[in-house]
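What follows is a pair of complexes built around chain A, which joins chain B in one and chain C in the other.
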Partner chain A sequence: MDTQLKPAEKPLWREEFSVFKNDERYVTRRQLTKFLTLTSLAMFAGNAWVLVRSRLRGRAAPLPRLPIARVGEIPVDGVKLFQYPHPGEQCILVRLGDTRYAAYSQKCTHLSCAVYYARESRELVCPCHNGHFSVWDGSVLQGPPTRPLPAVRLERQGDELLAIGLSNSGAG
Partner chain B sequence: MYGYEFYVDPSRCIGCQACVKACEECDTHRGVSMINFDFLDRPDSIATAAYVCFHCEDPTCAQVCPADAIKVGEDGVVQSALKPRCIGCANCVLACPFGIPKLVPEYEQMMKCDMCYDRTSAGKRPMCATVCPSQALAYVSPEEIAKLRREKPVNTFYFGEQKIVTKVFMMAPAEQDFISVDAMDYIWEQKDGYATEAG
Partner chain C sequence: MALIVILLIVQIWLLSATLDAYLSGHDDVVLPGAIVSGLLFAACAGLYSFVHRIESDAIKNRDSG
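After this line comes the complex of A and B, so read on.
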């Protein structure tokens, strides 16, 4: 077993933490200060650029109107999962009464686990950390989440339910 | 740096332990001797050997240190573990082929011979070499050692397949260019198949 590494085979960490005092890469206080200042400046410039760009572009395009269910398709206290506004973004539709529906994004606002509808307590529950949301307006009832579930605004058109947008709180 | 080199010759050691005591007197590690003093084969012999750190060019102790605590100075002296960094893991104690580093439990720190850095860096001789009456530990110029001794100073060691070149010289028989220490050399197999240590 040859434990003597040739210089070319030396890993990077060995170069940076050399056992030889002369080869140590000593960082001076001035170098660190320079690094901190320049990185903060770069971050500030980046943020300013993002801000300016978003101002120039104006508001994002309105969300699509998508049919998500037929009226009467699900029973009272029944749920239906759908994807809105884009494929892959899971939402949950709950029928609360004969004519009352509510729909929310299924992503828990804590750490993005999928919430489910707990029929017996009539709450939306996140099983990961026991977060509870009101099924009536999406507000937090208990647990680690601090923000309410984004609600999907609904509209009835004939015998179809349309998702017409997202709001940060309040049932559609 | 000042034209002196360290020469170790265990065959000259008379076992007086003056080096051990002299090392203990040092103010940087008072009471803890950095000399590795061995009774070689106590039941059968009075032979003793005193060693200092050999200060390898590529020290195994520093290579295995996970805390980056052992450093080689620009003059090739391998320093004791840096107090703020050493975590007392004893990797160096286990890895050193010469068995030099010592873990001092009271300080939870590895301590080893640094060739009396405060003295040698100022051109003085290490404490052990100044007190050794038989000059088994000698800190002299190469010319002087060539004039006074018939042995040859070598600083290349083979431990199995690991080659080590050191700053400190060991006095070897004149025809030898290196010292090879392989554990397998000291183990032989008896006819009944058991491996024993050769006497």
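After this line comes the complex of A and C, so read on.
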């Protein structure tokens, strides 16, 4: 123990970088509670950031209307991949019937692996952790995902299918 | 100390639940979550200040005694 200086006279750097190994590792109750309080501040900052993002989301620019396929281009139970609303945001279009189409974000809501369409079970499946989503409305059927797949809203204009927006639940 | 840890655990859970709800499109829980998180942080800060005062008094008494 350093006995040459009284505790009140010891500068902070001498306490933090003591020449005695045991003193350097010693964490006072005050230091630990300070660390925990700063962690609490970080958690609060995280919540505040989510609040700001949710307020800004309402003011975001409307999503583009993008032609993604022609009617009849893909067979029933066929799929087509496309990017919407921005390049790099991969989505999947599935033809469910003669006139029924559904499109979803291809990013699994668990850990963002790419989902694929399983024709045998007519489900969207994530191969990473075996998450299954309904192809009819994107809801979670099994596995670790907790949120449904975001659906791409579709509109038919003549012979073309357009992607016109995103929704967090329900088929487009 | 244990109380601060408990408050922190609740705050961590609150952050993960709020984020999950926000990503699902349920914005109605975000504001209450932020308010409660702020209150929890205020409680942690109050407890820290209490511990700080107790320790300062103890050090002062030790040095003068």
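By definition in this document, the second predicted complex is superposed on the first by the 114 of 172 C-alpha atoms of A that agree within 3 Å, B and C clash if a C-alpha of one lies under 4 Å from a C-alpha of the other, contacts with A are read in each partner's own complex, and residues count from 1 in each chain.
Just so we're on the same page, contacts are C-beta pairs under 8 Å (C-beta built on N, C-alpha and C of every residue); 3 or more make two chains touch, one makes a residue touch a chain.
None of the values given here were measured: they were computed from a predicted structure.
Engineer: Now for A:Thr146: first (chain B), second (chain C), both, or neither, which partner does it touch?
Structural biologist: In the superposed model, A:Thr146 contacts chain C only, not chain B.
Engineer: On the A-aligned overlay, A:Lys34 touches which partner chain: chain B = first, chain C = second, or both, or neither?
Structural biologist: Second partner only, chain C.
Engineer: Which partner chains sit in contact with A:Arg57 here, chain B, chain C, both or neither? Use first/second/both/neither.
Structural biologist: second
Engineer: Among the partners chain B and chain C, which is in contact with a greater number of residues of chain A?
Structural biologist: Touched residues of chain A are more numerous for C.
Engineer: Report for A:Phe20: first if it touches chain B alone, second if chain C alone, otherwise both or neither.
Structural biologist: The first partner, chain B, only.
Engineer: Between chain B (first) and chain C (second), which does A:Gly46 come into contact with in this model arrangement: first, second, both, or neither?
Structural biologist: After superposition on chain A, A:Gly46 lies in contact with chain C alone.
Engineer: Could you list which residues of chain A make contact with chain B in one structure and with chain C in the other?
Structural biologist: none
Engineer: Considering only the defined contacts, which chain A positions touch chain B in the complex?
Structural biologist: That would be residues 1-4, 17, 19-22, 24 of chain A.
Engineer: Name, in rising order, each residue of chain B that touches chain A in their complex.
Structural biologist: 58-60, 62-63, 65, 68, 70-74, 160-163
Engineer: Enumerate the contact residues on chain A facing chain C in the complex.
Structural biologist: Listed in rising order, the residues of chain A that touch chain C are 6-8, 28-30, 32-34, 36-37, 39-41, 43-44, 46-48, 50-51, 53-54, 57-58, 109, 146-148, 167-169.
Engineer: Could you please specify the touching residues of chain C with respect to chain A in the complex?
Structural biologist: Within the complex, chain C touches chain A at residues 1, 4-5, 7-8, 11-12, 14-15, 18-20, 22-25, 27, 30-31, 33-34, 37-38, 40-41, 44-45, 47-48, 51-52, 55, 59, 62-63.
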